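The two complexes that follow have chain A in common; it is paired with chain B in the first and with chain C in the second.
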Partner chain A sequence: MIGEISHFLSLSAVVIFCLILIFNFFFIFDKTHSNQLSLSLRMFNQACWLVFISFGMYVYLSINDDFSIAYIASHSNSQLPIFYKISSIWSAHEGSMFLWIVFLTVWSILFINSLHRNHPLKRITLLMLSLIILGFLLFLLLTSNPFERILPFGAIEGADINPVLQDPALAIHPPMLYLGYVGFVISFSFITAYLFHGNFELEWEKDIKNWSLVAWIFLTIGITLGSWWAYYELGWGGYWFWDPVENVALMPWLAATAFMHSLYASSKSNVLKTWTMFLGILIFALSLFGAFIVRSGIIDSVHSFANDPQRGLYLLIFSGLITLLALGIFAYRVPSLNVSRFVISGSKESYLSMNNILMITSIFSIFLGVTYPLIIEAVNGEKVSIGPPYYNTIFAPLILIASIFIMASLDSIWQRSKPFKSIVSSIIVPMILSLIFTYVVWHVTAVFSILSYIGIFSGSLILFSYLYRILSNFFYKKFINIGSAVAHIGFGLLFIAISFNSILSYEKNLNLAPGETILIDESIEEFSFDDIKVLKASNHDVISVEVSLLQDGNNIFLNPQKRKYATRGQITTESSIHASILKDTYLTIGDQLENGSWTFALKINYFIKWIWFSASLMVMGMLITIFKKKAI
Partner chain B sequence: MNKPLRFLIVLLPIIIFSFFAKVLLVEEDEKFLKFNAKNLPSFELNDLDGVAVKSQSLDGIKLVNVWASWCITCLVEHPFLTKLSDENIQIVGLNYKDSSDKANAWLQKNGNPYIFSIYDPRGDLAFDLGVTGAPESFLLIDNQVIAHIQGEMTQRKWETIFYPLINKARKTK
Partner chain C sequence: MLQARKNRLWKFFIILFLSAGGISLILFSLNSKLDLFYTPSEMLEADIKPGYRIKLGGMVKTGSIIRNGTTIKFIATDFVKEVPVIFDGVPPDLFKEDSGVVVLGYFLDGMFEAEEIFAKHDENYMPPALSIEGAKI
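Our next item is the complex of A and B:
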């Protein structure tokens, strides 16, 4: 019964959103609209609340094990802890789409109600948001209905959540990522409304600034959590695989980052406004494209949901129409926008716009990497695969150029050109330091890989420029934007960490019987296989292995496991990680061999922690920017 | 912003979206059902344990799965192949452009659904079969190649392409 009510509430929301659109359709060009607005607003709020209540009931159903609902029966189980019963809702296509819509309505309702009562763009933004929510709700209810019952008799027990998803990081990774993805619906709708409205005297930058910053933070946290989860849960020992799904998350992230910089520049000077608007539209368009790629099953990936061309086609048409609507209005209005076309070279905004171009280039490169195999297949039926070498090769030079512009922009000023001579002094110090640093790394590690060294050099350029800037701020009271400095230091560290990780890490495959001890290398003098046990947990059996290591003079105990989940029969490998500041010792167990010994994969991963740390620095920098009063 | 550029901003998404629509609409199954049966190319290779394998040893109904330890999608389809082998489907691995050490370690770590794996480090047999990458799967019935898919073996591909063919072959016997 509750299932039907929940279903009915979602349907009612659809009806109300339809009514809002139909009702306003007749007044769309009418600019005196106070009555329609207050009615539409009330309807909009009610429809959003219907969606929330419907979702709340769905959560209730999942907690109370209503296995007569097909989706819950195939993704949850009565033995699961409550936490995972809830997170099982977003462990597959239908439920995660539902969550996506809920977040869409959360952002929309908050933003719409935060706007001033008579804000001239309020009505059109509201219509745009209603259109987008309506499209997704219809998608949910028509092609992937999570409310479907198993009739006439429900299942007695659920089929359980996929075990690799039974993990705290993964329970919160999708919500964070979705909050980020759909958060940009605000900049998308607001910019479209602004362009549609046609009164270009209006201010729009500051109304969406903080919303976009918050969405950016969620997106960054979501991507980092996903990467972290993949690192310790999948047992492959890597943190980024250039998988299509990772790529479609990275594209909006890059667009959002460019958007943020551009927004900052356009609030300081009259240039780059066109860029900002274009980027603001692009972010959400890329999010929609990502949703299409992941949910249509058009590309084989670790993440892809069930392959269903019908869903794919709906999403494609819907996201295509929304994107075209926004880009069409943009292209139509651009000539009448009163923006200055000329960016003074050598000014701060000139460097920012160069980096905008670089970021668009990298988005395009990723886009090409994702779609190229499809294009080739459509043209001559061949399958090609594009992997990490492509992305690494493309990104290294882009990052090098970007880091040089970042460095140059630090000492430059808005709207005025600064002679090259005057910024030389602040460039030369970080440049020399980075060269020395790179040389020292080369000397010490004695490994050479051109891409990694480009990464180290670019990363340290950014890092040293900002550190130098902070020092000069301390001694000569030069201005510094703390939020930006923290975020960029995080960005620089990220490249250094990634590059170090790729040149230093190594892997060993071992073969040991219980009780045996072996020597591995200078750093790991003893590796002893102490004990093996079989344990029972609530919904799985565990083979638990105890291993002790003598690593760099310290005793380390590792406890990798293999789990066999009862309901699905799936076996998962739980890696055991000992993390120190510089390196992770990452151990997974394989199978038992005929002679009774076990196989182990031992990986020494350097600087992994620094990758997470740099991501959190970037988030922190953004938070500082939000809470600092004087920003923009 | 000049006119051609404005035009392009609208045109480019249209091209991209219609391209995807075309890819979606070409029914996947159709492509595979048109497959023309051909004879299994003759070969003499070893398996991963060093035992010689000839084309004649692949008689009866066999699913040939191209895999490699460097292939991430192979890891994704692995549980499904394991399920098939539990259902008594005979799967022969074709270890493609790999080293036998890494391949054996991979099998030890992830489990071995194959009755044996042909070791093809240079991709000779794979070339004759028309393999373009990993993973790919072929269906052999009495030394005839009668189906070929590229990419991950999924429940859907199994049910729509392979299972009906196997059923038909079993019935005629």
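Our next item is the complex of A and C:
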């Protein structure tokens, strides 16, 4: 019964959103007074609440194990802890789409109500938001209905959530990611409304700035959590695979990062306004593209979601129309936008715009990498896949150029060109320090990889420029933009960490019998297979192995496991990680051989913790920027 | 010619040059960095140069897995042709007999040397090319 009510509430929301669209359609050109705006607003709020209540009831159903609902029956289980019963909702296509819509309405309702009562852009923003929510609600109800019942009798027990998804990081990762993805619906709708309205005296930057910054934070946290989870849970020891699904999350992130920079530049110097608007539209368009790629299953990915051509077609048409609508309005209005088009070379905004171009280039390269297999297959029927080497070769030079512009921008000023001579000192110092640093790394590690050294050099260039800048500004008691400094130091550290990780890490495949001890290398003098146990846990059997290592003079105990889950019969590998500041010792069990010995994969991952640390620095920098009102 | 026009022409050429350079770099990188995907029959028919990295997708033949230390040998099949595969390391959990597998590596003298065996999130995963061909059979 509750399932039907929940379903009915979602359907009612669809009806109300339709009414809002029809009703307000007659007033879209009414720019002077707000005909019945408050009525539309009330309807909008009610519709959003209907969606929330509907989702709330769905959560209730999932907690109370209503296995007569097909989706819950195939993704949850009565033995699960409540936490995972809730997170099982977004463990597959239908429920995660539902969550996506809920977040869409959360952002929309908060934003619409934060606008001034008679804000001239309110109606069109409202319409845009309603249109997008309606499109996704219809997608959910028509093609991927989570409310579908198993008739006439429901399942007695649920089929269980995929065990690799039974993990706190993965329970939080999709909500964070979705909050980030859909958060940019605000910039998308508001900029479209601004362009449609046509009164260019209005301000739009101020109203959406903080919303976009918060969405960026969620997106960053979401991507980082996903990477962290893949590292420790999937047992193959990597943190980024350039998988299509990762790529479609990275594209909006890059666009959002470019957007924030250009928003900053346009608020300081009145240039790049058109460009900023384009980016504001692009972010959400890329989110929609991402939804299409992930949900249609058009590209073979490890995140095998739903493979349903009908869904893909719907999303393609819907997101294509929405994007075309926004870009059409943009193209129509651009000529009449009276903005300053001339960027003074050598000024701060000129460097910012250069890096904006680089970010767009990287988005384009990723986009090409994601779609190229489709193009090739359509052209000559060959199946190809594009792996990490492509992205690494593209990104290394881009980052090198970007780091030089970041360095130059630090000492430059808004709207005025600064003679090259006056910024020489602040370029020379970090340049020399980075060269020395790169040389020392090369000397110590004696490994050579051109891409990694580009990464180390670029990363340290950013790092040293900011440290030098902070020190000198502190010394002369000048203003330091702490938020930006922290975020960029994080960015620099990220590339140093990634490059170190790629040149220093190594792995060994081992084959040992219980009780055996072997020497691995000068760092790990002893590797002893101490014990193996078979244990029973509530919903899985465990093969638990105890291993002790003598690593760099310290005794380390590792406890990797293999689990077999009762309900799905699925086997998972639980890695055991010993983390120190510089490196992770990462061990997973393989299989048992006929002679009773076991195989192990031992991976020494350098600087991997630093990758996530750098990401959190970026988030922290952004938080400082939001809370320090003076900063922007 | 006016100075401003001349400047603009220069800028135009610089931008044209840079973007042409960038695009050719990307395309070059794309062509040298992509891995072609084959099923066993396709791979045996195609003339694959030694040292050319490819992806092979098929099913692990029943009873074909032989382990020796950390080395694993098995036969990848598409129920028409078979290719022996050798791999050193720990394969993912979902690697087992009678299930789909995708390997990345080199084909040399009738033996596929795998650098990587791909894990899939979903245990019901099948290489798409194979599931289409499976449907044909």
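Following the convention adopted for this analysis, the second predicted complex is superposed on the first by the 628 of 632 C-alpha atoms of A that agree within 3 Å, B and C clash if a C-alpha of one lies under 4 Å from a C-alpha of the other, contacts with A are read in each partner's own complex, and residues count from 1 in each chain.
Going forward, contacts are C-beta pairs under 8 Å (C-beta built on N, C-alpha and C of every residue); 3 or more make two chains touch, one makes a residue touch a chain.
All values derive from a computational prediction rather than experimental measurement.
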Discussion item. Using the superposition on chain A, tell me whether chain B and chain C clash or fit.
Written reply: clash
Practice prompt. Pick one for A:I28: touches chain B only (first), chain C only (second), both, or neither.
Written response: neither
Worksheet item: Should A:T599 be classified as contacting the first partner (chain B), the second (chain C), both, or neither?
Response: both
Discussion item. Looking at A:I298 after the superposition, I want to know if it touches chain B, chain C, both of them or none. Which is it: first, second, both, neither?
Written reply: first
Practice prompt. Check the residue A:T572 against both partner chains and state whether it touches chain B (first), chain C (second), both, or neither.
Written response: second
Worksheet item: Should A:L110 be classified as contacting the first partner (chain B), the second (chain C), both, or neither?
Response: neither
Worksheet item: Given the touch rule stated above, what does A:V334 touch, chain B (first), chain C (second), both, or neither?
Response: first
Practice prompt. Name the contact category of A:I5: first (chain B only), second (chain C only), both, or neither.
Written response: neither
Item to complete: Mind working out whether A:G369 is in touch with chain B, chain C, both or neither, as first, second, both or neither?
Response: second
Practice prompt. Have a look at where A:I428 lands relative to chain B and chain C in the superposition and call it first, second, both or neither.
Written response: neither
Worksheet entry | Overlap of chain C and chain B interfaces on chain A (superposed complexes) | 236, 300, 302, 382-385, 509, 570-571, 573, 588, 590-591, 593, 599, 601
Discussion item. Residue numbers of chain B touching chain A in their complex, please.
Written reply: 1, 6-7, 9-10, 13-14, 16-17, 19-28, 72-73, 75-76, 79, 105, 108-111, 132-133, 150-152, 154, 156
Practice prompt. Spell out the part of chain C that touches chain A in their complex, as residue ranges.
Written response: 22, 25-26, 29-30, 33-38, 55, 67-70, 88-94, 104, 118-123, 125, 127-129
Worksheet, complete the sentence: Within the complex, chain C is touched by chain A residues 162, 164, 234-236, 300, 302-304, 361, 364-365, 368-369, 372-373, 376, 382-387, 389-390, 393-394, 397, 507, 509-511, 562, 568, 570-573, 588-591, 593-594, 599-601
Worksheet item: In their shared complex, at which residues does chain A touch chain B?
Response: 236, 241, 243, 274, 278, 285, 292, 296, 298, 300, 302, 307, 309, 312-313, 316-317, 319-320, 323-324, 327-328, 330-332, 334-335, 371, 374-375, 377-378, 382-385, 509, 570-571, 573, 588, 590-591, 593, 599, 601
